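First subunit A sits with subunit B, and in the next complex the same chain sits with subunit C.
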Partner chain A sequence: MSMPKFLLRRTLQGIFVIWGVVTVLFVLRAVSPGDPATLMLGEGANQELIQQVRAEEGLNDPIFVQYADYITDLVTGDLGYSWRSNREVEAMVIERIPATLELSIAATIVAISIAVPMGVISATRREQLSDYGATLFSLLGISTPNFWLGLMLILVLGVWVGIFPTGRRAVGFGEALMTLVGTGSPGELLTWLEYIALPALTLGTYFTALITRLTRSGMIDELGKPYVKATQAKGLPLVLTRYKHVLRNTMIPIITVLGLQMGTLMGGAVITETVFNWPGLGQRFVDALGIRDWPLMQGIILFVAISFVVINIVVDALYTYLDPQVSVE
Partner chain B sequence: MSEDILRVSDLSTRFFTNEGQVNAVESVDMTIERGEVFGIVGESGSGKSVTALSIMDLVESPGEITDGSIEYRNEDLADAIRDDHPHAVDGEFVDLLSVPETVHSGLRGTSFSMIFQDPESSLNPSLTVGEQIAEAVEVQRRASSRPRSGRARTQGVQYSLGSYIASTILPSKKFVTEESKTRAIELLELVGIPDPVKRADEYPHQYSGGMLQRAMIAQALAGEPDVLVADEPTTALDVTIQAQILDILADLQERTGMTIILITHNLGVIARMCDRVGVMYAGEIVERGTLEDVFVDHVHPYTEGLLGSVPDLEDVGGRLEPIEGNVPSLLAHEMGDGCYFADRCPRAMEECLHKPPDIEGEGSDEHVAKCYLAEHPYDESQALPEGYFEDRTMGEVTADETSSDETTEEMRGDD
Partner chain C sequence: MISDRVKSNLQYAFWESFLPKLGMILLVTIVLMAVFAPLIATHDPTRTGHFNEDGAQYPPLGFEYTSEIATGGEIVEITVESTNEHILGTNKIGQDVFSRFVYGARVSLLVGIFGVVLALIIGVPFGLIAGYYGGHIDDGLMRMADIMLAFPSLVLALALIGVFGQQPIRVPDPIVKAGLAEGMPETIPIPGAVIIVVALVTWVWFARVARGEALSLRNAEYVKAARSFGTSNRTILFKHVLPNSLTPIIVLATIQIAVIILTEASLAYLGFSGTTLSWGFEIKQGQSVLRTRPWVAMVPGIGIVLSVISVNLLGDWFRDALDPNIEGGERGG
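Moving on, here comes the complex of A and B:
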């Protein structure tokens, strides 16, 4: 199979997955208690108005008609209006994407740049102090709850030591970059970095711990393979055996995990965004959940689902380049 | 023949495992001449491979070379080492076990090279075959461009992590150069790979087993080594391919004049390839001599047993004579005081309960055997009663299950 054909097939599969997601969402909304019209208008609204809204929104139609309308709307790109703010859901989701995206990417960069070296050190100095240190760190990292870690970082580094400002996203990465290009001043970029440091560290800690463990065990596995001995027998410098041969092969499965985690981060930064008052999708989702703003929740979940599908396709395509034994067939 | 190139004496390699100390190689002596094919034969677990790995300095934790010397004749190396480590140098010979380990490991690729049993897993699956051979070429190229003396001469090829990181961005920093890749293609051609230009860009999984072993040979030859260690090079291959691989090895050896240490459990391979042979059993060399000494005039009952377990074409329908029992445990605390082969030996005598004398003589021409029968003929009146060892094990109720009375139908073929 050729690459375009592979991408086409995976895209069709992805559409099927997303159809599943939106259907589950529709069913959830249909069975959950509370009348949408009442939610839209507030508790004290009069009955006449409520009935009018029900008729307008098609809430009195049979459930299958409602479902058909809902799917038609989605296919035509109409995500509807937020029940509370009455703004377009599409705009409400899109405006929050940059904040979440930059936080996810920053957390991933933090994770990779700490985890991979630590995993390598751990695997190559097995049963030594640095290995025990790294193992202990990953155990702590995996078992520390995000909200607690976030609060502690704010307290210690934000308040007591005072080196990192927190509590908001002072400037977006895009704007900061534009300032740098436009005026040549890196000031805004540094401000961005200061503000994103603690949230990225918090969000990235679990991820760091996970990748450290994977790198360590993958590397130990790979180091035991016969080809490693063969590279040593031909006199290859140790650096090349370790990094060009062993680490490279270790990273192939880790890329998969990275991809999946990126998807999770896109939607899973809920706690971190709330703790740091980071204006991303996670925070918007928590707000929407609190007031049962279904269209908004649907919009966010739909976005996360699409991200997941797209990232997975990208990872699979990448795999064929990384591992010559895997082809798109 | 010609001069000696490698003198191994009293080599002991032990593994310190949770179950106890394993004496994988014990007091092995052998002298290898330049340009010969020296065979090491024995059952699985007899210490053949560990001996090879010890020579290559590839013994890994929990294993350790605990004793002995490996003297390698190399004039340049001896000159470079003499000032810093006078005790390690004897004429043109350098004892690789009494110099810093970097000196020994630095000889890999350029002085000593190795091919392994399983070609399919001995190449990295995610790099092209050409790239991997080019790496070996590059090691040789860089090693030969370093000064003939001084510290750099005594080290392996160096490449820093910084250079590697830089090489991911800057192609000029890459370890493998275009010249090396070209040479890799020549090497592939040399070992008889058709269409080497195209094949060099393929990955190991696109090769057949026999082709991979050829590629491994090309890789091992890239460094133009003095000594090639071939550890069961044909075991994982089809019989027809085995012959091809042996032909290639013999042909290349003739052309380059390199020395080959051929490790195998297959006596046919030994007979076809080797000038001299060492027979290993339980970590020791029990008999050593020329091909004729070992195949015709053998002394040790173990050698006789090995030969008896090979099918003979001229005696079709005749029964094979397997060696009764199994290779003993090599755990130090489970090994007896006497000859390790005594419990399987058809001609064990009372004196075999004491350790037979060490093989005397360093010379390479001698035919020696670690057996009392080398000193005097078999004395039936001294024979141990039948079932002596079974009674003993039952009486002592030891946990040693390896000396149970199972019968190996044939020599175990694979590791």
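Moving on, here comes the complex of A and C:
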């Protein structure tokens, strides 16, 4: 199959998935207890007003009419208004994207830069002290709840040692970068780094553990293959074989796993943002859930689902570049 | 069901390495702690007000801390000493931390085990039927799995909690009912909604694995033979295909118990699990006094880490001994 055809098919599948997600959300909202008009106006609003809102919002229509309206709104890009703050959901989602994006990218960088070297060392020095150390670390990493790890990092590195700030994020990456470009002073960028260090470490630990495990087992499999012996026979330096050929082949399946683990990253972001009072989408989602602000919850989930679909299409397309043996089929 | 070869592999891997044994010891300890919680706990875990004469919470045995109290309009610093009464100290509202640690094991294990059982009951038949018959049922399942994958499981779990509410089911505690533990809570709160929710976000992994197995077995010689004798499809599915698909399902079930324990802890931490006798909830309680009284958040976290490690170690043991290639699922927190 050619690349354009592949992209077209995956995009159609992606649209189907997104339709599924919004339909599930519609059903959840329809069966969840609580009258939307009452939630919008607050407890104790007068009955007449509630009836008026019900009529305006189409809440008295048959359920399939409501569903059709809902899908039409979404297709035309109308995410509606928050029930509580009455602001546009779209704006409320967009303003929170940078903080979550910064955190997710920082966590991924932390994870890859620790895990890949650790996995390689572990695989090339099997059954040695460093291998046991890496194995123990990854076992702890996948077994520790995010929120507890975050609190312990705050306690140890923030309070006891005192090298990291423990308060709410002081500056966004965008602003910090603008300051650097504008005035040439890196001060704000350093502040940004100080504030993001602990949240990124918290969110990244599970992935560090996961990638260490995958790199280790992938390297071990790959090192046993005949081509490694062939490069040795040819006289290629061991280091070059390991890092250029073996590691590259190991990375391919890991990238797929990372794409599929996007959901875990977002779930982790919900928790991490709550622990660190980080002004991102996860925190907004928990707040919205607490007051059952369905349009806002839907907007956030929709954004996450679309990102998930797009990232996985990109990952699959990248696959063919990384591994020429794989075709898009 | 489980062949002799599988059994001997498991035994070999168990005795050959240290980690499965460590996992087993940890898990047995935690299970015993959960089952006999009323006999092990030193206090009623729900009883509040265990403070010292100055109204300060106790630190764990062997520790002390300074606290500020107001007396006669002035703020004075006092040193709070530990007491033998409360070996791990007390929390913000004066509950015994050790007793809450012991009882917390119950919620984690109940949700972990019942959650996985329910996910198995939904996912395995669905997956077997889809893989065995193929066609539209199979397409439907795979598309549904795609949709489930696009939802972060913790986020979906939170949205579902919004639908089901979080009222726990209360069942009488048999040990207290038999009069063996005076003064302990008479009922066990079982977070039914949380169990349903974690099963609903997990079943699709079981369905995928069962489907893969059924797909590879539907043209096996013995299945063809059974079909040629006129055996009904239902009998073939549950007498021949299911028993031969069990190995990867068991491995996945073990891993998923760990994932579910973490998900429950996360839900409880965020305040959506419906019971306060949960390690995750206790960590949330400890967060506000983290700087001065860190033991409140520290102790329950150790409980979570040890239970998840024990289950993961057993999962690794099964996987290494049986060697199925399965995907791991998503973790919850």
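Criterion: the second predicted complex is superposed on the first by the 322 of 329 C-alpha atoms of A that agree within 3 Å, B and C clash if a C-alpha of one lies under 4 Å from a C-alpha of the other, contacts with A are read in each partner's own complex, and residues count from 1 in each chain.
Note that contacts are C-beta pairs under 8 Å (C-beta built on N, C-alpha and C of every residue); 3 or more make two chains touch, one makes a residue touch a chain.
Owing to the predicted nature of the structure, the values given are computational and were not obtained by experimental measurement.
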- So if we stack both complexes on subunit A, do subunit B and subunit C clash, or do they fit? fit
- Message: Quick check for you: in the superposed arrangement, does A:Ile301 touch first (subunit B), second (subunit C), both or neither?
- Response: second
- In the superposed arrangement, does A:Gln232 touch subunit B (first), subunit C (second), both or neither? first
- Message: If we overlay the two complexes on their shared chain A, which of subunit B and subunit C does A:Leu140 touch? Say first, second, both or neither.
- Response: second
- Message: For A:Arg168 in the superposed arrangement: first (subunit B), second (subunit C), both or neither?
- Response: neither
- Query: In this superposed model, does subunit C or subunit B come into contact with more residues of subunit A?
  - Reply: C
- Query: Which partner does A:Lys5 reach: the first (subunit B), the second (subunit C), both, or neither?
  - Reply: neither
- Query: In the superposed arrangement, does A:Pro33 touch subunit B (first), subunit C (second), both or neither?
  - Reply: second
- Query: Between subunit B and subunit C, what is the tightest CA to CA spacing in Å in the combined model?
  - Reply: 11
- Query: Touching subunit B and also subunit C: which subunit A residues?
  - Reply: none
- Message: For the complex, give me every residue of subunit B touching subunit A.
- Response: 56, 58, 105-110, 113-114, 116, 118, 121-128, 135-136, 139, 143, 156-161, 163-164, 175, 203, 205, 216, 219-220, 222-223
- Message: Using the touch definition from the top, list the residues of subunit A that touch subunit C in their complex.
- Response: 13, 16-18, 20-21, 24-25, 28, 31-33, 139-140, 142-148, 151-152, 154-155, 159, 206, 260-264, 266-268, 270-271, 274-275, 285-286, 289-290, 292, 297, 301, 304-305, 308-309
- Message: For a test of understanding, state which residues of subunit A touch subunit B in their complex under the given definition.
- Response: 225-227, 229-237, 239-240, 243-245, 248-249, 252, 322-325
- Task: Quick one: which bits of subunit C touch subunit A in the complex? Just the residue numbers, please.
- Result: 143-144, 146-147, 149-155, 158-160, 162-163, 165, 258, 262, 265-266, 269-272, 280, 283, 286-287, 290-291, 294, 297-298, 301, 304-305, 308-309, 312-313, 327, 330-333
